Amino acid sequence: MNNLKFRFVAVPSMVAGMILFGGGEAWAMHIMEGFLPPSWSLFWTAVSLPFFVLGFRSMRKIVADNPRMKLLLAMVGAFAFVLSSLKIPSVTGSCSHPTGVGLGAIMFGPSVMSVLGAIVLLFQALLLAHGGLTTLGANLFSMGIAGPFVSYGIYKLADGMKAPRSMAVFLGAALGDLVTYVVTSLQLAAAFPSTTGGFAAAMFKFLGIFAVTQVPLAVSEGILTVMVYNTIRSY
Amino acid sequence: MRTLDHYAASSRLRDVAPGYKLLYALPPIAMVLWVDSVPFSLLVFGLMSASVVMKGGVRPGDYLRWLLLPAAFLMTGTAAVAFDISVHQESFLFSIPVGSAFIGVTSAGLAMAIHLAFKAMASVSCLYFIAFTTPVADLGRSMSALGVPGLFIEMTLLIYRFVFLLFETASEMATAQRSRLGYAGTAVSFRSLALLASNLFFFSARRAEEVYVAMECRGYDGSIRVLAPSSGERQPSFAGLVLLELVLLGLAVATHFGRFF
Amino acid sequence: MASPDILRTEALRCVWPDGTVALDGVDLSIRTGEVTALLGGNGAGKSSLLLGFNGILKPSLGRVLFGDEPLDYSAKGLKALRQEVGIVFQNPDAQLFASSVYEDISFGLCNLGLPEPEARRRIDAAMELVGVAELARKPVHHLSFGQKKRVALAGVLAMEPSVLLLDEPTAGLDPQGADAIMRFIRDLQSTSGMTVVVATHDIEMVPLFCDRACVMERGRVLFEGEVTSMFEHRDLIRQAGLRLPRIAHLIEILVSKDGFTLPGNAMTIGQARKILKQLNVKSDENKSVQG
Amino acid sequence: MASPDILRTEALRCVWPDGTVALDGVDLSIRTGEVTALLGGNGAGKSSLLLGFNGILKPSLGRVLFGDEPLDYSAKGLKALRQEVGIVFQNPDAQLFASSVYEDISFGLCNLGLPEPEARRRIDAAMELVGVAELARKPVHHLSFGQKKRVALAGVLAMEPSVLLLDEPTAGLDPQGADAIMRFIRDLQSTSGMTVVVATHDIEMVPLFCDRACVMERGRVLFEGEVTSMFEHRDLIRQAGLRLPRIAHLIEILVSKDGFTLPGNAMTIGQARKILKQLNVKSDENKSVQG
């Protein structure tokens, strides 16, 4: 198969499909309830679990040291939820976004965010019908673990390389967002390999579809997070 | 923010003990996913939807509107599963040529997509049964019966309260910004949203401290202990519920091994 | 001005996204260049009506007219409307965003896209007007509650609207602070001819600072008219969860229960002095007759 | 009870962590079983004083005494104190944290370690008392502002404190709601003998519902005494950013400017009727003399 040609054809056609099916809708990154086969549901839950347990332990230590942290952490969780439900203007129209999670990871470290992320995802499923219970593990891994860990890692790395703080925050937030999208595509491709091209083709397909919203969104996220971070720091 | 919580609080099934509602709606999700059959998915979808509308008292129009919510994901997701690209036209049921390749639907892809769409909608109806009838606070209480650690439940319930608190403030802020033309263009919107987010962050931190002080005044010592309202929980027939699940399971097993449908 | 009414609603019905009926058939006219009080208990629909005037809450039935033209809810129409109709919200913490007072006041002007010198002129004028000029470079979160309220007001005044909507401008202020802000608003109206609508449940302020009043209850208008005629509609005022101003209540009781014969009504201390004075004259005459 | 003063401060000076002096040498006694009003403008130190009574704000100089014993700031001491001295904050959203009304009210009781049946009895009684029994299972965010205020009050009352501190209990409520809550507090005090301290700048409420008043300004006490003697200290009241109740102001002007001779002062409508009645009698006599 001519890979280059494949790429040139696939992306625009998927863009067309995307627009046709009204896929500009927000929350494209939440895999909906019942969308993953049981084996993959269990697999991603098992993958997320150790991160969750570690995060929970570190949270337990934080609140044991200072009981007021319990309320502050709960506020951070609620903040992430509310922020993600506000629409931001994006090139492809209005979109929701996980800004709060990236910001939280940079400010509070990624491991606590995995616990807060689990709670936020649970509420998004129960209160807003975004995501689901059987897909909680998969969504947690992409949005509450992979994204925040990459955000935090990149931020620390860039900061350690003496990059300007704004640049570090931007890269952390934007790349964290991109990783979330890549992981979601991977989860879907693994569960639904292409009948003609297998996993690789499916991965390409899902990446192509979500690129429409996610790539511009990642840039928006990065800019927004920098603006918020700078304002908060200036106090 | 229009949330499902609004329906749960006024549901006619609200008073049924939450454990029973979970027992009613959770096993069918597992069965639907395992059986992977369109008729069985339809059966569960019908059962759950009827329960939400007829027993729970949700207006059919409202229920439909909520069903459409995950539709965008469902559309793109299933379409992505159904469509494939190949240079071999013969593997497709139908296809359109794009350059030297073809985009089309294979019979296997189509079957997978159709199964997927029905499974997803059936599972969503089960999730909706819980969300439409059970307030989060009730779920929190049943989580502790399932042995979920106390700290996790405390955090869940605090976040639940704070989500609505912050949302109220965030929408007040957004309204005030809009009245001063804060969202009149893309660049301006960005700036407004960044200001809103940072302001909301400070508000959260301040409010967390205030709540902490108020809790301290009532003797908070680091662990949150509360009493659940005692009366008013209805407990339907446990045997009936188990019987229903067994019938569903029987149908599921039979369907899976090809005796029915 | 052509029309005596700058804002008007016709059978306006507004429903919040959660299904609550905020306004239920409101017909109301706001007179140009007057101070109108919107009165009502908690949840009467006062704030919703202000949001309706500003184009934030859209009618599900009926319509809102600004200067005889129905509101245009397109982005362009709303931009034009919000330039003319400014709204100051109750809670200053929810409407001040920027890190310094100066920046916050500039927010609306920047969004209007004014040339910088004009914007700076307006900011300085607005700060001068509400008396926060010396706070210009202070961070917003270091201000007192009363100062925040003033800054929020300046941010709207800087846009030079022709109608100013105020939601509970005196809430949370101590009596002298409340008096000062109402006197400021009254002066503003009389010097600039601005139209002002004040939503409040601080009934004592109304006879002192307002020309007209509109009493609301559960999204409906119970009474609309001159403030001076409010006294005759005291049943409606009580029905709306409000009470008469203390002075008006005293006069009412003196007449109805204590058998006083007084020449007219009174709602303010000034009015009460006038009608009670005659009593004293009589009593003095009495003394002089007896003496 | 042994002492007439249940709470007392001696030269109390408190400084916030940011360096602001909240209280600057406060000597004040709160009488057992009375309703005391803490009056003052925004930022006078009323709320800080309440926090001082509750042991949240620690003195940097001076001390606070509860029933003649200086406060014990150990964890155990504070727990005992907070069982006796309950505080209801101004903003219920800053106080209510649980997911349902019932759970929120139960919080303080669970911290007391009461046996469950006793705790449930008290929760039910408190809900009944403030009239929120039918809201027991509602999530807090579904309540109106007035309902939230009542639930916050119930959460403190359930702990059956001997002193109830209220920060601006009428703020944000419409006149009828404000009246209802103050009347409730007055009744509570008279039936249970509870000591109540109300921080407020709603001066109209004071002569109607309070026994004693303490006027504060910039962290100091300007005046402390019977509400009935407040009238003589009107200069201090104005200095504190407050004003007289409207009725008191009217009577003051009638006497000082309009030459009325009245038998005493009045701050409430009832008192004003009494002293004005004689005027009417005289004026009637006048008529009959002339007639």
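Per-chain residue numbering starts at 1, and chain names A, B, C and D are given in the order in which the chains are listed.
Here, a contact is a pair of C-beta atoms (placed from the backbone, for glycine too) under 8 Å apart; a residue touches a chain by one contact, two chains touch by 3 or more.
None of the values given here were measured: they were computed from a predicted structure.
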Centroid spacing, where centroids are CA-atom means, of subunit A and subunit B in whole angstrom: 18
Length of the line joining the C-alpha centres of subunit A and subunit D, rounded to whole Å: 50
Mean-CA-position distance for subunit D and subunit B (Å): 46
Subunit A residues counted as touching two or more neighbouring chains: 71, 231, 235
Interface hub residues of subunit B, defined as touching at least two other chains: 5, 136, 158, 160, 165, 195-196, 202, 207, 211, 215, 220-221, 224
Residue numbers of subunit D (touch at least two other chains): 97
Contact graph of the chains (line, ring, star, complete, other): other
Touching chain combinations (by label order): A-B, A-C, B-C, B-D, C-D
Subunit D-facing residues of subunit C, complex: 40-43, 144-146, 171-177, 179, 201, 203-204, 241-243, 245-247, 249-250, 253-254, 257-260, 269, 272-273, 276-277, 279-280, 282-286, 289-290
Contact set on subunit B toward subunit C in their complex: 2, 6, 169, 172-173, 175-182, 184-185, 188, 192, 195-196, 199, 202-203
List of subunit B residues in touch with subunit A within their complex: 1, 3-5, 26, 29-30, 32-34, 36, 66, 69-70, 72-77, 79-81, 83-88, 91, 98-101, 103, 106, 108-109, 112, 116, 119-124, 126-128, 130-131, 136, 139, 149, 151-152, 154-156, 158-160, 162-163, 165-167, 170, 174, 186, 189-191, 193-198, 200-202, 204-205, 207-209, 211-212, 215, 220-222, 224
Touching residues (chain side subunit C, partner subunit B) in the complex: 17-18, 51, 54, 56, 75, 79, 82-83, 86-87, 89, 91, 93-95, 97-98, 107-108, 110-112, 141, 155-156, 159
Interface residues, subunit C side, partner subunit A - complex: 99, 139, 141
